[in-house]
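Right after this note come the structures.
Shared between the two complexes below is subunit A, which pairs with subunit B and subunit C, respectively.
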Partner chain A sequence: MFYGIDLQSRLMLGTAQYPSPQVLRDAIAASGAEVITVSLRREGAGGDAFRDILKQSGCRILPNTAGCHTVQEAVTTAQMARELFGTSWIKLEVIGHADTLQPDPFALVEAARILAADGFEVFPYTTEDLIVGEKLIEAGCQVLMPWGAPIGSGQGLRHREALKTMRAHFPDIPLVVDAGIGAPSQAMAAMEMGFDAVLLNTAVAKALDPVAMARAFGQAVAAGRAAHDAGLMPRRDMAVASTPIFGMADLA
Partner chain B sequence: MISVLGAGVAGLCAATALSEVGFEVEVIAPDGAPPPASLLAGGMLAPFCEGESAPDLIVERGQAAIAWWAEHVANVELRGTLVIAPPRDGAELDRFARATRSHAWVRPDDLEPDLSGRFARGLFFASEAHMDPVAAMANLRRRLEARGVRFHGGAPKGRIVDCRGLAARDRLQDLRAVRGEMLEVNAPEVTLTRPVRLIHPRFPCYIVPRGQGRYMIGATMVETARSGPVTARAVMELLSAAYTVHPGFAEAELIATGAGLRPSFPDNIPVLRRDGERIHVNGMYRHGFLMAPVIAGELVRMMTKETANAH
Partner chain C sequence: MRIELNGATVETAAATLAALIEEQGFDAASVATAMDGQFVPLATRGTVELHDSAKVEVLSPMQGG
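Then we have the complex of A and B:
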């Protein structure tokens, strides 16, 4: 449940960098995604035509504050997003570093506190740091979005053990792996680890065939979630034979 | 009589093609009309590079544009396109190669000695061309006037071929604006003889030589209808890309900036569309110089057939 909303598909898609709005529309449909995220910082009030196309997709819109580097920028962008899309959902990004696009955890917590107090339902883009996660929850967030790897890098789950720890530390908070996912296998791994959803953009938008890649990600996320729900077998150090080795017929 | 509305690249190509097969043509361009977005174009005839993000149809059909322009205007330069990336974006260059065709791997400084020492490898699209779009459009207009085609701002007298670009939004509900920003610099320290594309994470960034040390640097892609002047961000990003290609651009004089709105349909593919008696040529997106001659050819076939059927 993400702020009281139950989703069938656990794949969330970004909407930037597609070859055309038509390809984007087809990719969303092929992926089965029910949530799409959209940026506002550059497009501003003049971006209505593109936003209308996104609204027509029928997906729930998660506006984001991509490109914001300060608390004030992020808060202003979030307020504009609420007005333009009529939603209190906001994916909060406060970038600390222009090169790595690493979130600034201090500004993030501060912006999250302001927005939550103002009635926003905040999806903060954060690192896998547990203390930052706790501070964000204390600030009013009911979802956390740890990064898999730096935005657009396609490196997958760079700190897999830390993500596992985070999952174990916040058993009841919806956790979405956001950013850095490059391949369906990586999205599937996150779902098998028990994450509630994954959010990605570049891996689909910049694929040679974005629609086919969107479908592949949709299937991988569904399979990963089904595997997690079905209960994965524990990893063992030794082989465990599935048939007894005693009592085999000696035919010599 | 056919009345072509609009004197951007779509209107000029349509009027030229129609006039050449014997139709009587006039071009309507009211005095107060906004300047055509095509005046700010890169003027690259690069069907194969565009294939990086454009559908195959653009690559296939766009190839015919190079011969068309070479026949019609004087300043087409057949020097190919060089695509490069900073060393850390090498994987992106491999992706570009996979997404496109008709290219060869080269050492960039074999083609452009000024790039020596900074780029170990590049992709060369030998069959592509470029030109100065402002000169090319002026050239087409002169040719049309020499053929007796009148340009005026009065009421259209003939059947309407609507090439008004974004101004046709009053009749084309699904037409939207994609903003593009460009710069022109005077950089006497830099010698590049063909368009150079730098792989950029957000938009296809290119530097097009305009002769005498002048270069056009373009172009951003923003999903907005805001028409105001170039933003500081665009200037910073474009100049920083140019500086990555050649440090000599740091000493360049910034002589012009421009921001235009590309008329675009949802699939970003230029088309011919019927609207009752009116025919639209629109949605040039970033493919105006590449696709306007191709669509003009299609228009001629359509109208020739109709005229034949009417008799």
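Then we have the complex of A and C:
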């Protein structure tokens, strides 16, 4: 449940960098995503067409504060987004470093506190740091979105063990792996680990065939979730024969 | 009066933010506005007065990740 909303599909899809509006439209449909992320920018060409795609997709809109480096920028952007998209959901990004696009945890917590108090339902883009996660929850966040790897890098789950720890540490908080996913297998791994959803953009938009890749990600996320629900077998250090020894012929 | 609109210097006769939006041909309902870094809701644009070198941002939905 994400702020009281139950989703069938656990894939959240970004809308940037697609080769054409038609490919974006088809990719959203093929992915099965029910949540898509958008941004706010100075009006450019094709604004109306994009608004139509958003409406026709039938998806829930998750506006972001991408590119914001300060609390003030992020809060103002969130307020503008709430009015424009008619949703109190906000993917809160406060970027601390230009090369890694790593979140600035101090500004993130401060912005989250201001926005939560103002009635926003905040989806904070954070790291796997447990204390930052606790501070975000204390600030009013009911969802956390740890990064898989730096945005757009396609490196997958760079700190897998830390993500596992985070999952165990916040058993009742919806956790979304956001950013850095490059392949469906990585999205599936996150779901198998018990994450509640995966948010990605570049891996689909920059695929040779974005629509087919969107479908592949949708399937991987669904399979990963089903596998988690089914309960994975424990890992063992040694082999354990699966075929029974009992009744075996003596042929030596 | 000279203001900065979306990063470009603009000469305007508008006195309020609402008048500027109208003058510059924006569809008032499909943009969000901020002045000097502060959000200005649609309903209050008519009462927010522009000043010389005010920094106005007029934003629309765009693709994002």
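Everything that follows uses one rule, which is that the second predicted complex is superposed on the first by the 238 of 252 C-alpha atoms of A that agree within 3 Å, B and C clash if a C-alpha of one lies under 4 Å from a C-alpha of the other, contacts with A are read in each partner's own complex, and residues count from 1 in each chain.
By our rule, a residue touches a chain if its C-beta (ideal position, glycine included) is under 8 Å from a C-beta of that chain, and two chains touch if they have at least 3 such contacts.
Worth saying up front: this structure is predicted, and the values here are computed from it rather than measured.
Quick check on the superposed pair: does A:Ala49 touch subunit B, subunit C, both, or neither? Answer first, second, both or neither.
first
Comparing subunit B against subunit C, which has contacts with more of the residues in subunit A?
Comparing touch counts on subunit A for subunit B and subunit C gives C.
Return first, second, both or neither, reflecting whether A:Glu83 touches subunit B, subunit C, both chains, or no partner chain.
Only subunit C; A:Glu83 stays clear of subunit B.
Figure out whether A:His159 sits in contact with subunit B (first) or subunit C (second), or with both, or with neither.
neither
Scan A:Thr37 for contacts with subunit B and subunit C and give back first, second, both or neither.
In the superposition, A:Thr37 contacts subunit C only.
Quick one: is A:Val23 in contact with subunit B, with subunit C, with both, or with neither? Answer first, second, both or neither.
first
Looking at the overlay, what does A:Ala66 touch: subunit B (first), subunit C (second), both, or neither?
In the superposed model, A:Ala66 contacts subunit C only, not subunit B.
Would you check which partner chain A:Lys206 touches, where first means subunit B only, second means subunit C only, and both and neither mean what they say?
After superposing on A, A:Lys206 lies in contact with subunit B but is clear of subunit C.
Residue overlap on subunit A between the subunit B contact set and the subunit C contact set?
Common interface on subunit A, subunit B vs subunit C: 17, 42-44, 47, 50, 152.
Can you list the residues on subunit A that touch subunit B in the complex?
On the subunit A side, the touching residues are 17, 19-23, 25, 42-50, 53, 152, 206, 208.
Taking the touch rule as given, give the residues of subunit B at its contact with subunit A in the complex, in rising order.
Within the complex, subunit B touches subunit A at residues 53-55, 95, 98-99, 176-177, 179, 201-202, 222-226, 233, 266-269.
Touching residues of subunit A toward subunit C in the complex: what are they?
Counting only subunit A, the residues touching subunit C are 14-18, 24, 37-44, 47, 50-51, 54, 63-64, 66, 72-73, 76, 79-81, 83-85, 151-152, 179, 200-202.
Would you mind writing out the residues of subunit C in touch with subunit A in their complex?
Touch list, subunit C to subunit A: 6-7, 26, 30-34, 37-39, 41-42, 57-65.
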